[in-house]
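Next come two complexes, and both contain chain A; in the first it sits with chain B, in the second with chain C.
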Partner chain A sequence: MDERKPAKIVLRELQDRIAQDAWDAKQRGEKVGWCASNFPQEITTAMGIPVVYPENMGAAVGAKGGGQRMCEYAEGMGYSNDLCSYSRINFAYTDLKRCEELEIPFPDFLLCCNNICNCMIKWYENLALELDVPLILIDIPHLDAMTCDADRVKYIRAQFDDCIAQLEEITGKKMDYDRLNEVMSISQRSSKAWLRAVGYMSAEPSPFSGFDIFNNMAVACVGRGTVEAADAFEQLADEYAALVKEGKSTFKGEEKYRILFEGIACWSNLRFTYKTLQSRGINLTASIYGPAFSFLYSNLDELMAAYSYVPNSNCFEKELQLRVDDALKNKVDGAVFHMNRSCKHWSGNLYEMERQFREKTGVPTIVFDGDQSDPRCFSEAQYETRVDALTEIMEQRKKEAAQ
Partner chain B sequence: MADIYTLGIDVGSTTSKCLILKNGTEIAASSLIPAGTGTSGPGRALAETLNDAGLKLEELAAVTATGYGRNTFEGADFVVSELSCHALGAAALMPGVRTVIDIGGQDAKVLRVSPAGRLERFLMNDKCAAGTGRFLEVMARVLETDVSQLAEMDEKAKGVVPISSTCTVFAESEVISQLAKNVDIRDLVAGIHASVAVRTAGLARRLGVTAPVGMTGGVARNAGVVRALEKELNAPIAVSPMAQLAGAYGAALYGFKKKEG
Partner chain C sequence: MNEVKMLLDELAAVCANPKAQLDAAVADGRKCVGVLPYFSPEELVYAAGMLPFGLWGAEMQANESKRYYPAFICSLLHTVLELGLKGALNDLSAIMVPICCDSLKGFGANWKYGVGEAVPVIDVAWAENRKIPAGVEFTRSQFRKVLGQLEAIAGDRVSDAEIGASVAVYNENRAALRAFSAAAARRPEAVSPTARCAAIKAGYFMDRAEHTEKLNALTAALAALPEQKWDGLRVVTTGILADSPALLRILEDNQIAVVGDQIAQESVNFRVDTPVTDDPVEGIAQRLGQVEGCSVLFDPGKQRGKELIELAKKVNADGILWVMTKFCDPEEYDYVPVKRMADAAGIPLLAVEVDQQMVNYEQARSAIEAFAEILRF
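Entry: the complex of A and B
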């Protein structure tokens, strides 16, 4: 019998430990950074530089009920309510210097990478001015082709090398390239294990409730270069494999319908959005959001290319193909598209993404309004009505298919 | 064989609609109370319909609740979304209809209905509810008239004063500023209707319009909006005299089909 703690507990504890490590480092007088979620973490992990993630803080504050208060505070500072709620929570925290839901140590430098969001450059530039700390940007050009070519790799690589030089100067720590190779190797273990874990969603029934991705992915973002994360993701994948073998699932109730959930979770309304689906026997079995925090490569040049394959950095055609492939592989009966008012990239092309996705997969879809961490954009009744109607359409289709 | 009576109740945001079907085809009774979920409306609509039909609750084969307040209505055998119910009801009231536009008190929907009357797909308004029944009520109040008078005023319009704002509050200001310019109020009503039509037609085009087109919901009673929508979509729109009861009709029909197996 496996005496280990369940992987989800190991992951949660690891997430807490990584956060505490940053506080401890700050206490010791080490330089700590604020970092964008898809910044090449291999650099900071290999150099032993602690970083924390304002985006993760924004999600956590939203999930713990502080999103509206922090957003409203930022709006009182003069920021528009059209700005991303993660950024508004971060701006409010920067000014207040406290947040009852979650706090992160203040930064000595900023690491921005625009592969997840181009608007983020302005967010971080603003922080650099407000906090008077240096900003290092790795600019990943939007990929207007299906693959990343050599010129792009060269452009990203030059910035990668320059970032290391700047960090050496800021922190006084030197890059050890053997250690970098080791971290890259560990990151591959983590990424492959995380992809293997979420890949089990294609099983019928899926071995887990798809909303678990939103909890487990945090470590994929903040700690994938650590041995502990690689071990935990391998354990998670093994646990799912065992459940598949037994035909069991952590999803509560019968998995009557399988859906693709498009977009970032509504952290402030996570429980309601989940329960509304779960109570109708709907499990999330496809999402490109969670797997986005895995990067596959076998050398440094491939690492550069991998960081340009972040979904939000891809051309529409590639993004569409990712979703269609995911939906078909994981045999979804429908799709729920989150019109995330925070995210200009995601909401900007959502209607067209929904249309082409529906036409290519043939599954019914709904679009609902919401936000990643600002609950004012979400209506429970509007969401519930759409989910009910989607369920009725999926039920009817199953009946017709059975006849 | 004994007659089968099924009741559908559509608990909307502003009105409660109730209807009893006899054997899935004949309307035994119906009622419409201008008070929606969270008020006495649903209970009154239920009591009035039962009374008019001369039936008791226990004599009903099924009660199906739909609409915004469907989950809080007690005593339903079935709870079905208003989207499926409007599709079913519209297909029964307007046989052959393929596209249904439903504008209710606080949302607008466009439905694609299968030839068999099943909901195939739908779109609803996004986070802004401008262009719905509530929008017209607000505008009627500004114009010091009743929403039921808008269609007649529109019919007498000689022109259209454009209202460009999509936000209800901004549109209200725009209407007030037009009133201050002494424009013909009937032309202003035509402009209000045109703004609703443009917004709803955009939703319909996103879904794809397949003829024949029908309209349900309270706003379908406003011939001015229907005319403006026909012009915008360049297609005739069928409206049943029972348009506002289409959801309740569909709910009653759903119950009948369930009971019939």
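Entry: the complex of A and C
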């Protein structure tokens, strides 16, 4: 019998430890950074520079019920309620210097990357001014083709090198390029294990509740360059493999329907959004967070390109293809699209994405309005009604298929 | 005075009906390329013998576009898409779409699948790290790529000499715009905010050489006017657009002159010339690194705020009017730190939210009236 702690516990503890490491480093007088979620983590991991992630804080504060309070505080500072709720939560924390749901150590520098959205740039500009700390931007231009071209790779690589030089100056720590190679190799182990784990969603039933992805991806984001993360993801994949072999699942109840869930979770309404699906026997078996956190590469130039392939950085056709492939592979019966009020980039093509996704997969879809961390943009009644409509169509189709 | 009025009316007429300019150019056998903000390399379109046609939205209700964009995207993009979906821009040979803000990133696909391939999209990428050599080089490489697409549309190669000549036309136009803006600030009684805006905006729909000619004549005519005292207020504006007729009328009703601006559609676009370089495309890329004062540009340290305050002091403005484009993230982020900077400098600043789909400006009127009272106090 396997005496190890379950992987999800290991991952949670690892996430807590990474956060604690940053506090301890700050206590020791080391320089600590705030970092964008899809910034090339290989740099800071290899240099042993502790960083924390305001976006993760925004999600956690939302999940713990503090989203509205913090957003309203930021609005009192003059920030429009039109802006990303993660950033509003972070501005509120920056001003208040406290947050009862979660706190992160204040930064000595900022690491920004706009591969997920350009609002990151404006957000971090304001932080740099407010906190009077240096800001390093790695600009990863949005792709206008299916692949990242050589001009982009060259530009990103130059910024990557500039960033290392600036961090050496700010922190006094030197980049060890052997260590960088090692971190890249560990990150590949983590990415491949993550892909293997989420790949088991194609099994019927899926061995896990798809909402678990939202929890596990935090470590995929912040710690994938560590051996512990690679080990934990391999363990997670092994656990899922064992469940598949036994025909079991951590999803509570019968998996009657399988869906793709598009977009960031509504952290403030996570329980409701989950329970509404789960109580109808609907499991999430496809999400862009599956393939998107893979970051596969075999050398530095490929690493640059890999950071261009994160969700939202691709051209529309590639984004569509990722979702359609994931949905078909994981045999979904329907799809739920989150029109996220915080994210203009994600929402700007959502209607067209939904239409083309529906055409290419042939499965029914719904769109609901929500927000990643501001509960004021989410309506339980709207969500429930639309999920009911989706369930009816999926049920009808199942009946027709059975006849 | 008659000449001033005549020229201003002429430019206002261009602005009032941009479609007529497009129709005339097409009837003349000239291809036209739509240019969405911000900082698309218009000079390359002009060098290819085509007419760059500015796409800055329109005062109208957007309906069809809401099948593509959610309601919380700025009206500038909604209304351009709406015009495209309704076929009003079918005479364009292509549109250039910079991918420099999150809402713009979605525009290309919405256009492609909504309007169709008849008016193809040219994606324009440029470096946010626009001042470092690698950034300039990246922007240059992307503008060269754009040039290749424009050449295919024009059906002819474009030489560096032709690009250099186009850069010269654009730099002359920028100089003319700067001179006009300064002249208009000295003659607020002769150039209303509406007239000032139209004279500048008309350039987006005209051949730039022709626009330069009109502006130079206008500036000379303004210089010839006798001195006249201005008893009204003087403000500088900042934002993306300040071309709402209703808003500009409110300024006029309150005796408020626009004596300088930091508006993306206005001075931000002509304050800096394109450097003359061996590779003229590199000069266009370098210019991007020299422009300041626009929220879609990477601006660590918020040079925008410093520049705005310097401008307000230089032109002896009574206050700053922030014309806030509704649903514009970059502007909404900039507002908080820049407002603080203005407060610290003791310069009154009022933000008024504007949307091209708005029909009722009474809230803006009340705010501006109150602001004017405070400034006069």
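Here is the rule we go by: the second predicted complex is superposed on the first by the 401 of 403 C-alpha atoms of A that agree within 3 Å, B and C clash if a C-alpha of one lies under 4 Å from a C-alpha of the other, contacts with A are read in each partner's own complex, and residues count from 1 in each chain.
Rule of thumb we're sticking to: a residue touches a chain if its C-beta (ideal position, glycine included) is under 8 Å from a C-beta of that chain, and two chains touch if they have at least 3 such contacts.
Note that the coordinates shown come from a computational prediction; the quantities given were computed from them, not determined experimentally.
Enquirer: Which of the two partners, first being chain B and second being chain C, lies in contact with A:Gln382: first, second, both, or neither?
Expert: A:Gln382 contacts chain B only, not chain C.
Enquirer: After lining up the shared chain so the two structures overlap, which partner does A:Thr147 touch, if you call chain B first and chain C second: first, second, both or neither?
Expert: After superposition on chain A, A:Thr147 lies in contact with neither partner.
Enquirer: Output check: A:Ser185 vs chain B and chain C. Expected answer is one of first, second, both, neither. What do you get?
Expert: Neither: A:Ser185 stays clear of chain B and chain C.
Enquirer: So, does A:Tyr351 touch the first partner chain B, the second partner chain C, both, or neither?
Expert: Once the two structures are laid over each other on A, A:Tyr351 reaches both partners.
Enquirer: So in the superposed three-chain picture, is A:Ser298 touching just chain B, just chain C, both, or none of them (first/second/both/neither)?
Expert: Touch status of A:Ser298: no partner.
Enquirer: So, A:Arg341: does it touch chain B (first), chain C (second), both, or neither?
Expert: So A:Arg341 meets both chain B and chain C here.
Enquirer: Considering only touches as defined above, state whether A:Leu83 meets chain B (first), chain C (second), both or neither.
Expert: The second partner, chain C, only.
Enquirer: Report for A:Trp123: first if it touches chain B alone, second if chain C alone, otherwise both or neither.
Expert: second
Enquirer: Show me the chain A residues, by the header's touch rule, that chain B contacts in one structure and chain C contacts in the other.
Expert: The answer is residues 339, 341, 351 of chain A.
Enquirer: Along chain A, where are the residues that touch chain C in the complex?
Expert: Listed in rising order, the residues of chain A that touch chain C are 77-80, 82-84, 87, 91, 114, 117-119, 121-123, 125-126, 128-130, 135, 137, 139, 141-142, 144, 151-152, 154-155, 158-159, 162, 312, 315-317, 339, 341, 343-345, 347-352, 356.
Enquirer: Which positions of chain C touch chain A when the two form their complex?
Expert: That would be residues 67-70, 72-73, 99-103, 105-110, 112-114, 123, 125-129, 132-135, 137-138, 141-142, 145, 295-296, 298-302, 326-327, 329-330, 332-337, 339 of chain C.
Enquirer: Going by the contact rule at the top, pick out the chain B residues touching chain A in the complex.
Expert: Interface residues on the chain B side: 68, 71, 80-84, 107, 118-124, 126-127, 206.
Enquirer: In the complex formed with chain B, which residues of chain A make contact?
Expert: Checking each residue of chain A against chain B gives 339, 341, 351, 355, 358, 364-365, 367, 369, 377, 379, 381-382, 384-386, 388-389, 392-393, 396.
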